[in-house]
Every structure is written in C-alpha cells, then in structure tokens.
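You will see two complexes here that share chain A, one where it goes with chain B and one where it goes with chain C.
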Partner chain A sequence: MSEPGAAVPVPGDYKSDVKPVWCPGCGDFGVLNAMAKAMARMGLRPEEIAVVSGIGCSSRIPAYTACYGLHGVHGRALPTATGLKIARPDLTVIVTGGDGDGYSIGGNHFLHACRRNVDLTYIVMDNRVYGMTKGQPSPTTETHWSSKLAPQGTGLSEFHPMAIALASGANFIARGFTGDPNGLADLIVQGVRTPGFSFIEVLSPCITFRPEQKEWKKLVRPAMLAATDDTAQAARQIFTDDGMNLGVLFAGARPAYQPPIGSGRRSTQELEARFAL
Partner chain B sequence: MTDLQQAGLRPGPHSSISIALAGSGGAGVMTAGNVLLEAAALAGYYALMTRSSGPQIRGGEAAALIRIATHPVECMDGVFHLLAAVDWQNLHRFAAEIPLGAESLIVGDPDRGEAPPTFTAAGGPCVMLPLAQLAKEIPGGRANMVLLGFVAGLLGLPDDAVRRATERLLAGRPAALDSSIAAVAAGRAALADSGHALGLDAPRPASGPRWLVSGNEAAGLGALKAGVRLVAAYPITPATELLEWMSPALASVGGVLVQAEDELAAINMLIGSSFGGVPALTATAGPGLALMMESIGLAVAAEIPLVVVDVMRVGPSTGIPTKSEQADLNIALYGMHGDAPHLVLAPNSVGDCLRTTAWAVTLAESLQAPAIILSDQFLGQARAAIDRPADPQGEAVRQVAAVGMESYRRYALTPSGVSPMAIPGTAGGVHTADGLEHTESGTPSSQAADHLAQLDKRRRKLECHDYGDLWADVEGDGVLALVTFGSCTGPVREALEMARGRGLAIRLVSIRLLAPLQPERMQAALAGVERLLVVEQNQSGQFYRYLRSEFDLPARTSSLRKPGAQQFQPQEVFRYLMDWSRT
Partner chain C sequence: MNEMQPATAAPRTVEEFMTHACALEAEAAERYTELAELMAAHNNPELAALFAKLAHIEGLHRDQILERMGWPAPPDPSVCRWETPEGPETTDYGDLHYLMQPWHALKLALHNERRAAEYFERLAGGPVPAGIRSEAAEMAAEEREHVRLILEWLGRVPEPEADWDHDFDPPRAVD
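Right after this comes the complex of A and B.
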C-alpha cells in the first residue's frame, strides 16, 4: 500500500511507455486500462505486482504495464505464475492471456490452476479467434464460423470456460467486458482481493478478424450475474447463460494453496547426518 | 576339504566380492540386500548396491546386486562370486545381469527346486540350504533373513554390524526385529555347520567419515546445499526418488516442492520461481526433458537460471524406464530451437552427484542460464557406501540489481555478458523478462542488430567464465587416453587400474562440464596423446561425434560404445583396451 503522504496513485502510474502492437480499436486496450485502474484503486506499488503471460495478442500486456512482467512460452502462463506466487507470496501476481493460449495449448494448466487454487488472478481476453496468427478458430469459436483453416467451420462444440472453472474449483469466477473498463476494474479488484484462484473472462473483441464482435457492446448485460458461493446455483446460472451476462458468478471461500516457504529452520548439515554411518 | 575347495572356488582373500540376492516378489530380497549393504558399510567396507526387478509394479522377480570391497567401488564387477536365492521363480531373466564364473557359489533352498540351468551351466558349486524350513522354526521368521545370516557369515561380516544394520532398517518394528535377528542367527548357524567361507579381506581403516547414499539423494542434497529452495516436478522413473527425498528435506530448510500437472508445468514453475529470486530445480528423465525443451529455451532467452536433472533411462520413447543409458546427450546439447547456449553437466560417480548438482546450481545462478545435468538410472538409484563427498565449492551468487537505479536495463551489454537481474519487489528495476528477442532494456525487438547483440551476450557469458578444475577429472599419463563421462567413468577407471597393473601407461579424462566444452583445458589434458578411445553408453556414439565435431582430436581416435540396459563392466573395458592398445 502507499506510504502516508505519498501521492495518490493514478492509472497512468501502472502503464509503461512501450507502444502496444495491437490493431487500433482492439479490445485489449480497454483491458489494459481496466488493469491500470484496478491497480491504482488498490494502491499497490508497481514493483509489488507481477504480470505473467504466454503468447498471443493479449499476452503482450506485461510489457505495457509498469509492473514486473514475464512474457513466457505459449500456453504456460499459469504454471509460470504458480511458481512465482509460491516462491514469492508477497507479490500480487496477475496472469493474462487469450482464449487460444489459455484454453487450447494451455488447457490442462487451466484445469489444474483452478484446482490448485493458488492466489492468482487470471484475466482471459476472449475474442474467440487466434489474432496473432491471423484468424484461426480457437476453442471458444462458434461451431460454424468460417475461416481459411476451417472454411466449413470447426464442427466442434464450444469450450465453456466458466463452467470448466467452476467444475475445476476456481474460487472466484466473473465475466467482464472491455467496453466497460470501470466495471472490469471492479471485477479485477475483487478478483485480486479474493484469496485463491480468481478467473475473469473478458469479452474483448477482435475488430480485425471478428468485426462482428463490435456488436458485443449492444449485447452485453452488465451486472446480470448473481454472485453466489453455492456451486450448484452457480452451475445452474452458467448453463442457462448466453455468454453476454456480466458480473461475478461465483465467489467461494476455499483457502488459497500456499505451502510455507522460508519457514524451515534446519540446516543442510543436519540433513546430511542421515547419510553418515 | 570343504565343498568349495573341492569345487575349486578360490577361498580368498578377495578385495572385492559381488553378491546377488534374488527371489520372487515379496520374498524380501531387497530388505535383505539393504541390510547386507548397510552391515558391510558399518563393518568398514566400501559397497555398492543396485536393484533389478521384473516389469511388474509389485511382485515379480527381484534381485539385489551388491558389491563389497576394501576399496571404493563405482561399478558392478564382471563376475559374481555368489548367487543366493530365496526361490528361483523367473530368475533366469537375470542371467545377463548376474554373470557367474566357474568358481561362483550358488546358494538355494532345496525345497524350492533347483537353480536354473542358465546359472548352473557356469559350473560353480551349489549349496543347498533349507531356508523356508529354518525360517519356520522361528516365530515370524522369514527365509530372506536366514539367507542374509548365511551370506553375512560367508563374507565374514561381524555379527555386530549385521545386528546394527538390521536394527537401523527395522527401527520401530520390534516384533519384526526380534524375529529377523533370530533368523539371521539361524542362517549363521547353518553356515557354521556347512563349513563354507568366502574370504573377504579385512576392511582398511577409514581415513574419514563414510556415507551410505544413493546418487539421487546425493544430487538432492547438493541442490539444497547450493541454495535451491523450490522444486517443481512430475513423477517419472528413475528420478522419482530424488523428488521423494527432497520433499521433506526441502520443507525442513524452508523450501517447497510442488507436484506439477506435467513436465511442461514443472519447468515453467521453475521459471516463475527463479524470476522471483528463488533458485529452482526439477528432476526428470528423457521423456520429461523432451517436453521441457521449449521452456528451457525461454530460460536461455530471458536469462533465467534453473537446473534440470535428467536421470537418464533407456530410450527412445518409453524405452526401458528402469535401466540406464547415456543416450540423452544429443537432446541435452542440441534439443533447443534457435542458437541457445546453456550448461550441460554430468556427475561421474554416486558421490559426485552431490558436487556436480551443487556446481550446476552455482553456475546457473551466477551465469543466469539453464543447466541440464545428465545423471542416469545407474548413478541415481545405486546405493553406495562411500567416503563423505567433498563439500561443494563456492556459493550460488546471482548478480542482482540494487534498489533505486536510474534507467535500469535488464539485458545490458556488459563485458562479462552477465547483467544484474532485478528481482520483483525491487523499486526501479521493473522490466519484462521476455522470450521475444529484445533490446537491452527488454523491449521486444525484431532488429537484426539487437538479435546479434543479445546472441553474443548470451554466448559470451558462458564462454568467458572461468570454470576452474572441475570441468573434468584428469588422471594418469601416457600417449594413450580414454575419454568418457557420467556413469561410464566407474568401469573405465577400474579397467585403467587393471591396465596400469599390466604396465600400460594411460590417461583418463572424465568430462564433467559437457557444455560449454573447454578447448584449452582439453588440449592441455591431451597434450602428447597419440591415440584416444571415447567410451560411452549409447548406440550411435553421441559423445564421440560431439568431441570429434568440437575438438581437433588425434587421427587415431576410436569409439567404444554400447547401448543401455547393461552397464559396462570393468573387465569388458579392460579386454577391449588391451586389444586396442596392441593394434
């Protein structure tokens, strides 16, 4: 937290000078703004925050923040952040990425991050397409969406991230919209403040490969999800949802997984005694 | 005259005796083996034990292979003096691993049938001992401990050592302890009746403290001594014991072990931990190393220290998970895409697993680079009574950036190539560690000049470092030399002793630092050498080809190699060496 007398932090304090590679109008700009607003609201020092990502358009976010960043390999942001948070429980660790990074190549880690419940906040910018490789279907792409790689559509049913997160044990589950940075910042603050694994799905349009997503701003319904700590109730809600309801779906009370580190008192000399004859 | 003398078995004295204790699953041969190993160690002998078992998860045939000697032993012998079995079910499968000589003694229970012809064909004497019957006479008595008593007596191990070893192993199980001690005594009494003996020389007085340890445990301890405090890993044979040893050990020194969902997660957990300033290590085998390769490349590019212990097993694919092979050298050296300089090291004995692992941590930390350690199933799973390994040299010191710097550049182009790393939490050190090529400040860049500058920096820091004398063990002199690495060093060293006994002057170079190679030191080590033999345990000669590609070796350089599942035996190397030296 800020020291008494220090200047009140503003969102600009959490953004770097690096110019984003995103297309003009990309939804990810709004997520970056919302993250900066949330950080300012929480009054954290930038150096106490680490932003960890994998590969993809949205995974470029760490360098655009003024926090410590780790831009790793495709699909592995969650285990990277897990290692960091377990080693450094004092840091606030935010994980960012897209639907391909998180649900396809990194799908297994998503399940286990939810289940492990380390105190991370995972923000997935879902645009239902691979943007960086120029327009291939992702796990959340609609069945019949035509692309060069799958002209007839994938023929596959869509991945349901919030249902998977709920079933796998995530402690906080919410959906936000990039066109509502204030609402999204609220969700991020709640996610960071809730112990354990917080999952925030963000509708973040790809105006280049999915221009029809510009309509999302008319379709989303803010504050429609009714927060509950009851998994059955959350499950009923999520399976009757059309993907456009915003807000907190689930906020549980599972304690975060944080094995003690730095608390052992034995020396390695004591350890080797067991080998001595 | 005893049966043994009649059969022509050399009664001794022996400076080294090799014993196989075998039987079907549940017969307790591993327990008996561990007690025998420990008793020999407590009696002041050097010793080595490896385990062999069938493919079953539980049950199935098993053998404890034990070598006891008055001198340090780093490999199994080419001949077993004694095969002692509780029963003979499927034991013919071990024929290749338990070579018997014409003088080798076979001990078995007549009520459990006869020894398989594959063993009796060697012509050694068979001693029949009613193990099960003797065990039956003791409440809770078991045949394995009767056999142990017989074998311990045969070797002349003191009663007290056997008793202490039994107590150590069965601590907390008083009933089992009492019946075991009675069974051991019954075995000894049976021996006295039979009049057999296998003379083992008296142990030499110990010059210092001795340890009983496995290579996997030694590696774990080395990692902790060098400062590793986070281990993330996925279970895999034959690396699992390293993890199981480290889990409580880490906790007791303030560290943590995380069981990851797969090897991809494990290696990235290391990257996260190390980025956070906590030195990290994983242990795996070939299949896991293959999965980790992409992320080890990230550690190269983003300059994040970490250590991967590859306890090599027979490959490719699932291969033979319980057997040793040195065939992961190529993937360890060349497995990454892009130009990715990194460290590759290999311990060359059970005890050296401690020092080499500690050294790898130190190098990784000080050079901000990933290190791959090529241990193997033999070194990792062998338990050995050895002189206490030397303490690792030097502390792991990572150059970290101080608080409050002006215009910090994470990847600054320094003369050494190592640039101070700002650990999260450090004010003024904020940066993004990136697998994308970057500028000095860490900003992604697709400029050729930035790529070249950073490539040069990452290579320079490894090539300019002074690695000191640990790069290799260099022994002996002469115009002939053997070059090897890892677990081949044990049998090669012993073969060279035999050859020197025949008057052959010959050098040994056992390379511990496999990458980056040390051309000047290698040149000095091989100065005056006319003929070179490269020894390794794989089929394609990976080490031989690597050395030929990197060094200007003598024209008369040849390769001795064989794939895994069987270790080189000293006699095998010796015979080859003598023929090679004459041609």
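Right after this comes the complex of A and C.
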C-alpha cells in the first residue's frame, strides 16, 4: 500500500513510456486503461505488482505498464505466474493474455490454475480470433465464422471459458467489456482483492479481423443477477447467458493455495551446483 | 461511441461538480494525447497532430478549472460517476480506425463536445443546488460554443470518399 503522506497514485503512474502498437480501435487499449485505473484505486506501488503474459497482441501489455513484467512463452503465462506468486507471495500478480494463448496453447494450464487456486488475477482479452497471426479461428470463435483458413466456419463447438473456470475451481469469475474501462477496473479490483484464482473474461473487439465486433457495445449490458457463491446457481447462469452480460458471476470463499516457502529453500548457487557436470 | 448507460449520481456540492468538470476535461485531454501517440506510432502524422491539438485545447480547459478552484492538480477522478462508461467528452477507443482521416477525428470531437454540453445541460436543468445549476449552465454554454467551433473546423476539412476504409493491401487476405 502507499505510504502515508505519499502522493495519491493516478493511472498514469502505472503506464510505461512504451507506446502501444495495437491497431487503432483495438479493445486492448481499454484493458490497459482499466488495469492502470484499478492499480491506482488499490493504491499499490508499481513495484508491488507483476504483470505476466504469454504471446499475442494482448500479451504485449506488460511492456506498457510500469510494473514488473514478463512477456513470456506462448500459453505459459499461468505456470510462470504461479511460480512467481509462490516464490514472492508479497507481489500482486496479474496475468494477461488472449483467447488463443489462454484457451488453446495454454488451455491445460488454465484448467489447473483454476484448480490450484493460487492467488492470481487472470485477465483474458477475448476477441475470438488469432489477431497477431492474421485472423485464424481461436477456441472461442463462433462455429460458423467463415475465414480463409476455415471457409464456412470451423464446424467446432466453441470453448466456454466461464464454464470451464467454474468447473475447475476458480474462486472469482467475472466478465467485462473494453468499452467500459471504469466498470472493468472495478472488476479487476474485486478480482485482485478476492483470495485465490480470479478469472476475468474481457470482451475485447478486434477491429481488424473481426470488425463486426464493433456491435458488441450495443449488445453488452450489466448482468441482472448479483454475484453468487453457489456453484450450481452460477452454472445455471452461465448456460442461460448469451455472452453479453457483464459483472461478477461467481465469488467463492475457497482459501488460496500458498505452499510454505523458506525452510527448504536453496540458493541459486546450490541449485546450480546440483546440475554441474 | 459507447451505448452503455450505467447509473449516475449527480454531484451534491459545487466542489463535487467542479471535480466532475475537471475530470471530464482531464480525461478528454489524456485520451486525445494517447490517440495522438497512437497515430504517430501508426505513421499518420496528420492525425497525430490533430489529436495533439485537441489534447492541448482540452488541457487548457482543465487548467482553467484548476486555476479557478485553486487546485494544484486534478482531484481524484475515481469519485466521478457518469451517465456514460467514461467521461462524456472522452473518445471511445472503439471508434477509431486505422484508415481514418481528419474529418473522422473531428466528427468524434464533435460528438464528444455535444455529449459534454448535454451532460451539463441536464445537470443545469435537474434537481441540484442553485450553485451547481448556474455553474453547469455556464459550462453547457461553453461546450455549445465548442460545438460551433468544431462545426466550423469540419467545414474546412474535406469529407472522405464513401470507400475511405477500403484497404488495397488488407491485413486479412481474402480469396
């Protein structure tokens, strides 16, 4: 937390001098904006936060923040962040990425991160397409979305991230929209403050490869139902949802997983010595 | 131009009102600055300059409020509640396009100024203390003047062709 007497943090304190190269109109700007607002609201210093990502347009976010950051390996943001949080429980660890990175390449890690319930906040910018590699269908792409690589659509069922997160044990599940950075900032604050694994699905339009997603701003709405801690009720809500309801769906009370550290800890030199030939 | 309409809470004191007015101008200036940097990154110096100019203008409005209130820096904007997801004068990131032209940027600015004017007009006509009503009416008149100036500016900028967003080298290859 900020020290008494320190200047009140403002969102700009959490942005780096590196300027985003996302396409004009990209939803990811709204997420960066919301993250900076959330960090300012929580009063955390930039060095108290680590932002970890995988690969993809949205995974560029760590470079655009003034926090510790790791732009890591495709699909491997969650295991990296898990290790970081376990080693440095004092840090607030936020994981960011896209639908391809998180649900396809990193799909298995997603399940187990929910199950382990380490105190992380995972923000997925879902545009239902692989934008960085020129518009291939992703796990959340609609079955009939036609593209050069999948004429007439993939014919495959869509991945349902919120259902998977709930079934796998995530402690906090919410959906936000990039066109509402203030609302999204509220969700991020709640996610960070809820112990355990918090999953925030963000509808983030890809203006370049999915220009029809500009219509999302006319379709999204605050969810009519309040957050629940009842998994059965949350499951019913998920499966009667059209994907456009915003807000917290589920907030549980499962304690975060944090193994004890310290006693069995070895120095880097000791570990290195074990591998010496 | 975002369509969501979250609940709003009207300011209760003149200071709260001025906090909203300051946040409105500050957020608009910050967003225009961000857009100027974005357009510079995308090698569009003409739009970068235009957004930078709009940022400068909004920054002057913010500074006027700071001076008038004797505030050294803008107050905490997180207390502000808007009828729109962000401040009424803030450009929605989603309204940009990589092939947009100055005319489009000015249309966005016009939309923002109109929305700001409407915000202040609603407050001026609403159930708020008399001090807020007169301040809001003054701000609304200023925003209406900005609307007039942007309309004049738009009249000097060529309107794009109907197929302005046609990309001869599109990012998404099609057969």
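Methods note: the second predicted complex is superposed on the first by the 259 of 277 C-alpha atoms of A that agree within 3 Å, B and C clash if a C-alpha of one lies under 4 Å from a C-alpha of the other, contacts with A are read in each partner's own complex, and residues count from 1 in each chain.
Keep in mind that, in the parts below, contacts are C-beta pairs under 8 Å (C-beta built on N, C-alpha and C of every residue); 3 or more make two chains touch, one makes a residue touch a chain.
Since the structure is predicted, the reported quantities are computational estimates derived from the model, not experimental observations.
Chemist: With both complexes superposed on chain A, which partner does A:224 reach: first (chain B), second (chain C), both or neither?
Modeler: After superposing on A, A:224 lies clear of both chain B and chain C.
Chemist: Of chain B and chain C, which one touches more residues of chain A?
Modeler: When the residues of chain A touched by each partner are counted, B comes out ahead.
Chemist: If we overlay the two complexes on their shared chain A, which of chain B and chain C does A:82 touch? Say first, second, both or neither.
Modeler: first
Chemist: Where does A:266 make contact in the superposed view: on chain B (first), on chain C (second), on both, or on neither?
Modeler: The first partner, chain B, only.
Chemist: Scan A:156 for contacts with chain B and chain C and give back first, second, both or neither.
Modeler: Touch status of A:156: no partner.
Chemist: Where does A:47 make contact in the superposed view: on chain B (first), on chain C (second), on both, or on neither?
Modeler: A:47 sits against chain B, while chain C stays out of touch.
Chemist: Does any part of chain A touch chain B in one structure and chain C in the other, and if so which residues?
Modeler: none
Chemist: Can you list the residues on chain B that touch chain A in the complex?
Modeler: Spelled out, the residues of chain B in touch with chain A are 41-42, 209-213, 217, 221, 224-225, 229-230, 232, 249-256, 258, 260-262, 264-266, 268-278, 280, 294-295, 297-298, 302, 385, 388, 422, 424-436, 442-444.
Chemist: Would you mind writing out the residues of chain A in touch with chain B in their complex?
Modeler: Within the complex, chain A touches chain B at residues 18, 45-48, 50, 52, 60, 62-63, 66-73, 75-76, 78-88, 90-91, 108-109, 111-112, 259-268, 270-272, 275-277.
Chemist: Which part of chain C faces chain A closely enough to touch in the complex?
Modeler: 2-4, 6, 30, 34-35, 37-42, 76, 78, 82, 85-86, 92-98, 100, 171-175
Chemist: Of all residues in chain A, which touch chain C in the complex?
Modeler: Residues of chain A touching chain C: 8, 12, 19-27, 29-30, 33, 37, 40-41, 134-135, 147-148, 177-183, 205, 207-209, 214, 217-218, 220-222.
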